Amino acid sequence: MSASLDVPAASSRPGIPWVPAADLIERYPAIRAATRALTDPLEIEDYGLQSMTEASPAKWHLAHTTWFFETFVLARESDHVPFHPRYGYLFNSYYETVGRMHSRPKRGLLTRPTVADVQRYRDHVDHAMNRLLGEGPSPELTAVIEVGLHHEQQHQELILTDLKHGLSCNPLRPVYRELPAPTEGEASPLTWLEHPGGLMEIGHQGESFGFDNEFPRHRTYLRSFALGSRLTTCGEYLEFMADGGYQRSDLWLSAGWDVVQREGWQAPLYWEREGDDPDAPWQCFTLGGMRPVHPAEPVCHVSLYEADAFARWRGCRLPTEAEWEVACAPRPLHGNFVERSAFHPVALRQARGPGPHQTFGDVWEWTASAYGPYPGFRPLGGSLAEYNGKFMCNQLVLRGGSCATPASHARATYRNFFPPEARWQFSGIRLARDP
Amino acid sequence: MSASLDVPAASSRPGIPWVPAADLIERYPAIRAATRALTDPLEIEDYGLQSMTEASPAKWHLAHTTWFFETFVLARESDHVPFHPRYGYLFNSYYETVGRMHSRPKRGLLTRPTVADVQRYRDHVDHAMNRLLGEGPSPELTAVIEVGLHHEQQHQELILTDLKHGLSCNPLRPVYRELPAPTEGEASPLTWLEHPGGLMEIGHQGESFGFDNEFPRHRTYLRSFALGSRLTTCGEYLEFMADGGYQRSDLWLSAGWDVVQREGWQAPLYWEREGDDPDAPWQCFTLGGMRPVHPAEPVCHVSLYEADAFARWRGCRLPTEAEWEVACAPRPLHGNFVERSAFHPVALRQARGPGPHQTFGDVWEWTASAYGPYPGFRPLGGSLAEYNGKFMCNQLVLRGGSCATPASHARATYRNFFPPEARWQFSGIRLARDP
Amino acid sequence: MSASLDVPAASSRPGIPWVPAADLIERYPAIRAATRALTDPLEIEDYGLQSMTEASPAKWHLAHTTWFFETFVLARESDHVPFHPRYGYLFNSYYETVGRMHSRPKRGLLTRPTVADVQRYRDHVDHAMNRLLGEGPSPELTAVIEVGLHHEQQHQELILTDLKHGLSCNPLRPVYRELPAPTEGEASPLTWLEHPGGLMEIGHQGESFGFDNEFPRHRTYLRSFALGSRLTTCGEYLEFMADGGYQRSDLWLSAGWDVVQREGWQAPLYWEREGDDPDAPWQCFTLGGMRPVHPAEPVCHVSLYEADAFARWRGCRLPTEAEWEVACAPRPLHGNFVERSAFHPVALRQARGPGPHQTFGDVWEWTASAYGPYPGFRPLGGSLAEYNGKFMCNQLVLRGGSCATPASHARATYRNFFPPEARWQFSGIRLARDP
Amino acid sequence: MSASLDVPAASSRPGIPWVPAADLIERYPAIRAATRALTDPLEIEDYGLQSMTEASPAKWHLAHTTWFFETFVLARESDHVPFHPRYGYLFNSYYETVGRMHSRPKRGLLTRPTVADVQRYRDHVDHAMNRLLGEGPSPELTAVIEVGLHHEQQHQELILTDLKHGLSCNPLRPVYRELPAPTEGEASPLTWLEHPGGLMEIGHQGESFGFDNEFPRHRTYLRSFALGSRLTTCGEYLEFMADGGYQRSDLWLSAGWDVVQREGWQAPLYWEREGDDPDAPWQCFTLGGMRPVHPAEPVCHVSLYEADAFARWRGCRLPTEAEWEVACAPRPLHGNFVERSAFHPVALRQARGPGPHQTFGDVWEWTASAYGPYPGFRPLGGSLAEYNGKFMCNQLVLRGGSCATPASHARATYRNFFPPEARWQFSGIRLARDP
């Protein structure tokens, strides 16, 4: 195991475009504990559940995030002894330059190490990390640890989305945690916020941590546009469905229409009707079990294809990521994040001010932008070059964060990305249009 | 849920071709306890492991065998309340006439019910069954319970073979139970036992339980033949491999050669060489972990295709099931069954008498006979008609039982059956030839 | 290219179990010309059509049968120069011992050689063969040529069945040749012919040509049975369909039910209703284009699974191949063979005598017998060992010949074989039952 | 059949962003004849060849382009009688709003209509079109005819690329047409052309025809960049291969590395070595048959993944489509187009002036730009809305045209697009980098 950020050793800002934080000694244990807390409601049996290739077992997430610190931080010390000689093979996700790895679709077959074994692995690595943090790591290591903490937060979200998918495959529809009852009432009306466009700047300025894909901050020219004041609701989406949305090929991207036909999509993921009865009301599976679909809540678990078809049906379009960023960056970084324990998007009942509202938290918002490098993009050095850049093909950018995102992980420049058919994330729709 | 054996109610031998036993009240708890004992070495995480469609999780086996008694015995009482309204859906295996069922390849996704839930289910049903057995069930129910106990024993074997496959997929190569060390020395020499053939009888006589596929006993005409005195050893199989057995298309059935090419077979299942080094000695995965291949032990985990190719290479053939039965039926019903806890076939060091030896236990012996109905075959009535008959296509008969078979489950007329490419059972080779 | 029958050179019956014929010099050109005549109605475009892996283009059949003579007869002469250096690769079907071969599913991509090229190939080989026949070939070569002619006749039937499948995939439903109009009226009633069973003999006696799989003639013990006097009609099959035959799992072998579900089978192959309207009458595609389904005609293009399910629905079963042979061998070898140019099975309007009727020609009759070696089976030597024996797994025997079979190719001992799901042959149903 | 451009009827520029041409009456027959001329070297058998889902038979292209005029032009007249009632079903490509269509992967099974039938179809439609053009069509129809001619030219290119793929699957490696011998000598040295960037304009101005995806012309901000003076050569690509290009995961996009592993890519499409001998020189299949790889010629038949990996290996990147357009738009619209009958890219031996050279013709140049709508994009109305917009997902833009492109079809603003793994087009590499 050898991995390197490939940065100059002695610098307060070692070859990275952002300023490392000084509070790792507090944040490391807090973030690690938050991960563990998310798995508290699980039965031992649930930890190994893998319901599709794209989703991983909770146990694997617990171990992989630990492996990240062991491999990219602790293993740089010459006298490091791996906790277990095979864990590097088992818990590497996709870092080809670090070595071979276990087959991704077979993560669910790893009944060993047990949950208790993995907890011992976490404790062991945390002990060493805390000691290192107490000693004061080098600037280079500090940067890697910062990456590792944000990496851990990404996996916190995946623990919830992957688990939701897994539990949904069980006819017993198990409950992860009881959710608060949704408040009654209608959604605040949708209005349009106009933006004049012009030569704008987007991207991260580097005052604090950002992933390599958010850099460099750069100019981009925008035409004037209008952005929807809030997220699309289930009620609006039900109108699309009632108007034959899933039956009209003219509304869909060609690749999307293929998926609709092949998979028999008729509604967002997790929506179902009792006994498949077309007259029964729509229910949806949540982390709190089955619930009625609430018209005022933001629609969720839609693919890019569904978001795009809905927008076309409404005579609108999806925003580009640049439009989203220039319009939403001024908004306060508040929202329905994972710390609220809603585990589901929440209706906007009373909008205060013109908005845009619900920009952060609730659901990731699909944009029309293919995920690619910003002009002048430079990946992290060493093995961490594999972190983001190699996925810049056939994926779309999502913005804003969701009800499963840690609040401290969200920011206006954050670029999430998924393939256009992905539905198991908390992904939703904000409309845009030409003025 | 409604299911029936469809037999006349008042008879000491109610429409079935065998004599029901009088000792169910002792055998029921003993056999149920034996199932549970097989899972004692498991971690909670192991119970849900499903590594391929053909294999089921141990937890599922525990629940399905319980469902069998609940559905086909307890549910006949008018006031029966199912233990859980969805368990009928979750734990039906393939009884289409009883109702819809959970998708077989997704049994491993059922993290709920938990292991503890399933144990409660077993306890609940056992309680009701013991009460019923104390009251003295009708002849018809007695017959179904007898079927249920033999069904349970079939799943005891599957628990071990499915688990072995699942654990083998883990790079950590976990140990189920430490196995006894193999004794040293060479295998007893192979000799040939000649049989004159003629108009013979095979099939079950009905003095005790037999599955419907073993009936009726009937005449069949056999030419003279010779049967190998013992099982084929790993040493003999290594000679086949060294002689290019897996590279010579002329030795193989066409469908077998396709599998060899497609799957890249080079050795029996579970055999591997350290680092895939062609000069390293062969190891094999066992329920006791990795071990060297011992030349004197019977070769195991071969498909019908491999057994057939090996036989052709030796200028021999596989026996038909009729040949096997007439030659082996006189032998005592002793052997390396699961009760010995060897969990692996054992070498024949010193043969006493001419044999045939190793006829019962150690490994199931592939025959050249396609699995089909005996002349005059009549399936069980009601839903249990689905037990055997509907699988009589594209499968081959195996005889004799294995090191994972309960001793009281084996008999000379027993017809096991698997598709020709199956390798995860303890399946091996006995040669035959024309004299 | 080297291939050998591996038989003693000087003998009037060179190691083969049948007596070679003396009339090859007449039969060779006649059979070769019959092949060519079958392709006369084709457009140039049709010759390359391959609609599934199991079916081959007519052009390929024309070339492959020629390759057989070139490879196994002409190439034995030391000074033989192949007609084209790559044709051995292109037109080998499955003889692994002769060399590598072109991928079977890609035969339809071979637009070159052209039809004219292949005709030149045929002419070239025929010229050399006729010369050899005039010179008087050795007994060994005589035997191989005899095999080659029967091989050619097998491919005559495949030209028609493969072409029918290919044309059926064209929404224009092209006509191969106009068929005679079916005569009106009802089918002769079905009666039952009882047979006492006992120790019988089946298999070829060797008085003339037979394939290796028909030998040796041997004893087999049969219980008494009854055989249906004629083939199952479309009218009878429509009753099965009307009674929910394709919806009732209890009627089907498990593997058959899987196919019904997966493929959405609702009727025999080539049956359809205008616009998929459930109230429209059934039509079927024939070599003469679309036609109404005639109730009196034998049902055709059913799989073993459908034949078996139909028999179970009728409270009957399929005959074994031994039952079929002992009951039908005494019947005259007449029937609706390809020479009648009906290209479709014909109704039995007026039965003369007790029957069994329609035993030869019309449709291949599925039996309950898995295709395997007769006791004492010995394959042909050399490369022709691959002719039959290596397919003895996962296939079922069919008997009697069809409306696409040359009359001189049929005989009572002939064992045709196909996988149980195959439907594109002219395959139908004759019932049997226990008396 | 009803289809409409949905534009105001009376206007010299009917709702479309470009000026219709006045010379259709000459260009229609010329372009139609050019299509036919491309198929002159074919055998009848070749016309039906379909070697993969993405490729269509030449016969299908001939009929589909005809269907386009019949459906979108002729069928608007109230008294139009379709040439054949099923051709609309057979030859619709992907216009869901026009009606159902034949399965794309099964186009190769349509042996009927024959080549002669399709030629009659072309003649019939051409006759009606020529009459209409003589009468002077409405502005709206004029616009549709203009689209139809450019559509026809697109299929001219596909006839060649699809045929090349089909012929390459034939072990005989047939020759489409003898190609001119490549001239000897080395390629002109690669130099770098710097561009200062700034607020630029790209897109079509509408002075003549352009596809909807080229509009509207719009502003975009570019950083300074440098563009390679010529295309990447085979010699340069061989260096990449020799340096382990296909073995080093760090050079590849993640999805590209998956394809490399899954498909076993080791070289561009159509490259092979005699007998797969690693010491043999590379050959490549061309429309003139097998030829040595010439180091000075532009590398061709690479995917976006290979282009991207090569660029990374060279420390460069691919240009964006905006960079390409601003740098290349000033260049004269000359190049190695299909009219030169080279049917293969040609080496740049002596560059005149700084370049960029080889911008038009030779090979389509992969860009780093995902194919999406320009800001303010409006699709054509009616069914032609399906022409371009619905493919704006998971595809990348290519620029410049190839040796299979008609010269009058190329222009600096033209946006071709293919999925990143596509290799059967004449697609190559031009490098870019940050200065």
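The chains carry the letters A, B, C and D, assigned in the order they are written, with residues numbered from 1 in each.
By our rule, a contact is a pair of C-beta atoms (placed from the backbone, for glycine too) under 8 Å apart; a residue touches a chain by one contact, two chains touch by 3 or more.
The model shown is predicted, which means the values in this text are computed figures rather than measured ones.
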Chain labels contacting subunit B and also subunit C: none
Topological distance between subunit B and subunit D, in contact steps: 2
Distance-maximising chain from subunit C - centres being C-alpha averages: A
Interchain centroid distance [CA atoms averaged], subunit A/subunit D, Å: 37
Approximate Å spacing (C-alpha centroids) for the pair subunit A, subunit C: 59
Inter-chain centre distance, subunit A versus subunit B - centres from mean C-alpha coordinates, in Å: 47
Subunit D, residues touching no fewer than two other chains: none
Pairwise chain contacts, counting only pairs that touch as defined: A-B, A-D, B-C, C-D
Subunit B residues touching subunit C - in the complex, by the definition given at the top: 94, 96-97, 199, 218-223, 249-250, 252-257, 304-305, 368-370, 372-373, 375-376, 385-386, 390-394, 420, 434
Subunit B - residues contacting subunit A, complex: 43-49, 51, 86, 89-90, 102, 106, 108-115, 166-167, 169-172, 174
